[in-house]
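Each of the next two complexes has subunit A plus one other chain: subunit B in the first, subunit C in the second.
The block that comes next holds the complex of A and B.
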């Protein structure tokens, strides 16, 4: 067995280290340096794609449930709105801020913000309704400056600027993997036209030809947003999402 | 009837052929209602319930109905496409068969030889199917359908045995077909077998997934509300009831301490109208037909009809899962003819 002992220093080493420690202490007394942000008087500048509090735009939502399906923490619960649609609600007690919901939203209805400091008094309050997600939450801003961390020559220093950082910015929505809906078992199609009725982008079409008693079904790959609504609604489960 | 024309443009464009409407300018469900339900032809096999994309056709108060169909019906014609009674071609007789025999399961206990259960489990053992549908009952003899995937599930449920009450097998069959990765096995009455064949004829997904259809010999089947009321009047206590059977023209309800017997002819009052036009006793369209008539007590008469049925029957014999008995074709003649006489009730 190998034992780890204390390193052995000779007298010159000990003197060198003591002088170094004393000089650092003297420097700090004269000119204090810190590498922490003085929150809430200062805020650290976050990148635009920061994963923070989420905002929701009902105009863009197609009620496809994709956000609630993809959520790994089961934090998103779809609730019925007076318009007959289903809109997401987020339980921030469960949310892990992975923002898979934002990345998977085909219509770009969910949006990230740089807000990360929302306080709740109870667990119940963390359950955020759809209405609360439309407008950003009320935040008391005491900050007067922004802090940027600058790394140069393997040394970390702080750059302080007197300005207020915008917490809500427009971010280019994530492109994701373009998907398109296809029918994998055309023989089992009932021609119930549910896919046509449900499609928001008008990609699915069904034309009844009375003369020959046939229904012509078609999916326009150009228009299809890959939201998967028709795939979920098809009662015969013959539609699939595939890569474009 | 092939329903799809290949347009050759990949998976993005296809055509579906819908049936002609007998009553023009009316919804398909109205056609079904006028032709089948209102004419007392409906056997309540529930094939339409299983296929309806809006899932709003229901079996309520012993009548198949679609509340508020004027607004909610999608008018796709699926119900008309699959209804075995819409263009009714009555089947009767013993039908084609490869082997007429009898069996008694060594592994399971049932009303007779438990051959229905044996066929499903042997098919699961062979890897031909991964799920079988069984009808279970509660203490009040109400039926419910179970998806069975292994033998261990059977120990908890009193599966075997005739209930003489309709069960919602076909709606469950669709669910099973959607879930199953290999195949599904199902036991049903002749009308249900016809419904399954019609589904298979129309939709490839059912052709692919429903691998085994065991038909039951069936003279008639009753609706729960009617038969329970009648049996309670006759003094049957459901909490003590062990089994029900029809033997030598008599309905026998065996209880733990008593037995109630009466002539089957007394039940004609509550005989469902759909059974009144049914001429199929032996489930002609099944892969294997099973029933108690035609073999000695304790054995089930087994009529192997198709290659799929033969394959499983050979497996059962090879593995020694069942004792092989002797089936007597002539014993079936009386009931086959009895049901054939119902042809005169069909007016179309």
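The block that comes next holds the complex of A and C.
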């Protein structure tokens, strides 16, 4: 067994280290390297892909439940809207801001913002309904400047700019891995047309063959968004999502 | 009527000589209306006594002036207001932080301590049921006796111009005796608190007392041997410390180093803040205190530091000697004294940003090992230097 003891220094080493510590302290006292952001008066500039408060666009939502399925914290619940559609609601008490929901959203309905300082009075308020997710929350902006952290050579320094950082950013919705729905067992198809009815993008078509009195379903790979709704709803479970 | 003219004569014939006051007086007399008011006030008399002149004379009476203004209570109060703020700001700069800022941001949070004092004043003083009620309340106030009495013997003057309230040949001995009395009160505070943390703090305070007391006394003894006197008025005058080449730190740097480390130990500053270690025993002896009594306990460490830094200025840095500032007369010595003391205090409090805390056994081995050796060597060095000079 190797035993680790305290290092042995002689007197000259000790004196050297004392002088070094004191001179460093004196140097920092005279010319300090300050890296503190004075938060309410200035904000740190966050990158555009910052994982913050989430906004929701119901026009682009196809009610595919992907966000709800993928959420590792089980924070997203789908609630039915008067229009008969299902829209996500986020419980920020559970949300871990992994933004898997945003990455998995095939229509780009969920989008990130740089808002990270939202206060709630009760736990119930943290359960954010769909209506609250459409508009950004009310923010009192006290900041007059933006701080950038600059690494030059080896030191970290602050660069202060007199401007207001835009908290709501326009980023392209994540494409994710392009998926497409395919039928793996055509022989078992009942032609119940559930897939046709549920498809938002009209990728499923049916052709009636008069000769054999059968209906053949076809999925247009170009139109398919890979949302996976048909895969979930297929009564024979013969549809699979595969990579494009 | 009682004849007090003799007493008044004693007071009026021993003023602090500040030529600037006469310049201001001459200038004020030339201003049309204000000059008349000043002349009237100075001539205003009751029963044939010019009262305002007597009051000014009493304030400028040397023992009163030295005790109340420099280096006495007014200086101490200013230091107490400024020093915690300076300490927090400078240590924050060392550690890349900002320090107090939000209260009065234009002056960099300089009135933070006033705000803290207000908060302490408004807080309820809680006496928990296990504490010894009378001692619990009395000891922090009794602690003021050994902390404030050394002010009577601090000399802010320089060669030929002592600025000391009481001149006595035993000044240094009395001061050391009073400083040695302080840990007794801290242990009393801890004992009256009847709390496990304060008990540990008391034991640690006692250990620290053992660690620094002997080298501290020997280092002062070395300087007494070197100067041949323990009168604070003579320590900084005559052949002693007449020029900067004769300062104590030049003649005997070993005693100065020992004294400085002992000061850090005695005031429980950070490398040796073992009795009060926040992270371990939660301010140790004062853990049960709240409100203004805690404020007193908090500020007493700084008062102790001021007294010890003043002694260090007298013994090792030539007291108030320095370039004479024109028109200020004897006040210029006082100003140099305050500046030197403030620098020593800043070095002392800023050790907080440099060193981590020692363990109690390490502190004891430093006290009985390196510091005692250094102090004894300083004593021998003093004898040798004294023989040579």
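Keep this in mind: the second predicted complex is superposed on the first by the 207 of 244 C-alpha atoms of A that agree within 3 Å, B and C clash if a C-alpha of one lies under 4 Å from a C-alpha of the other, contacts with A are read in each partner's own complex, and residues count from 1 in each chain.
Note that contacts are C-beta pairs under 8 Å (C-beta built on N, C-alpha and C of every residue); 3 or more make two chains touch, one makes a residue touch a chain.
Predicted, not measured: the structure shown is a model, and the values here were computed from it.
S.K.: Who does A:235 touch here: subunit B (first), subunit C (second), both, or neither?
M.R.: Touch partner of A:235: subunit B, not subunit C.
S.K.: Hey, is it subunit B or subunit C that touches more of subunit A?
M.R.: When the residues of subunit A touched by each partner are counted, B comes out ahead.
S.K.: Quick check for you: in the superposed arrangement, does A:22 touch first (subunit B), second (subunit C), both or neither?
M.R.: In the superposition, A:22 contacts subunit C only.
S.K.: Taking the superposition as given, does A:34 touch the first partner, subunit B, the second, subunit C, both, or neither?
M.R.: Second partner only.
S.K.: Taking the contacts subunit A makes with subunit B in one complex and with subunit C in the other, which residues are shared?
M.R.: Looking at subunit A, the two contact sets are disjoint.
S.K.: Quick check on the complex: what are the subunit C residues that touch subunit A?
M.R.: 90, 93-98, 101, 350, 353-355
S.K.: Applying the document's contact rule, which stretches of subunit A touch subunit B when the two form their complex?
M.R.: 182-194, 208, 212-221, 235-238
S.K.: Give every residue of subunit A touching subunit C within the complex, in rising order.
M.R.: Residue positions touching the partner: 21-22, 25, 28-29, 32-36, 38.
S.K.: Mind listing the subunit B positions that touch subunit A in their complex?
M.R.: By the definition above, subunit B touches subunit A via 2-6, 10-20, 51-55, 74, 76-78, 178, 203-206.
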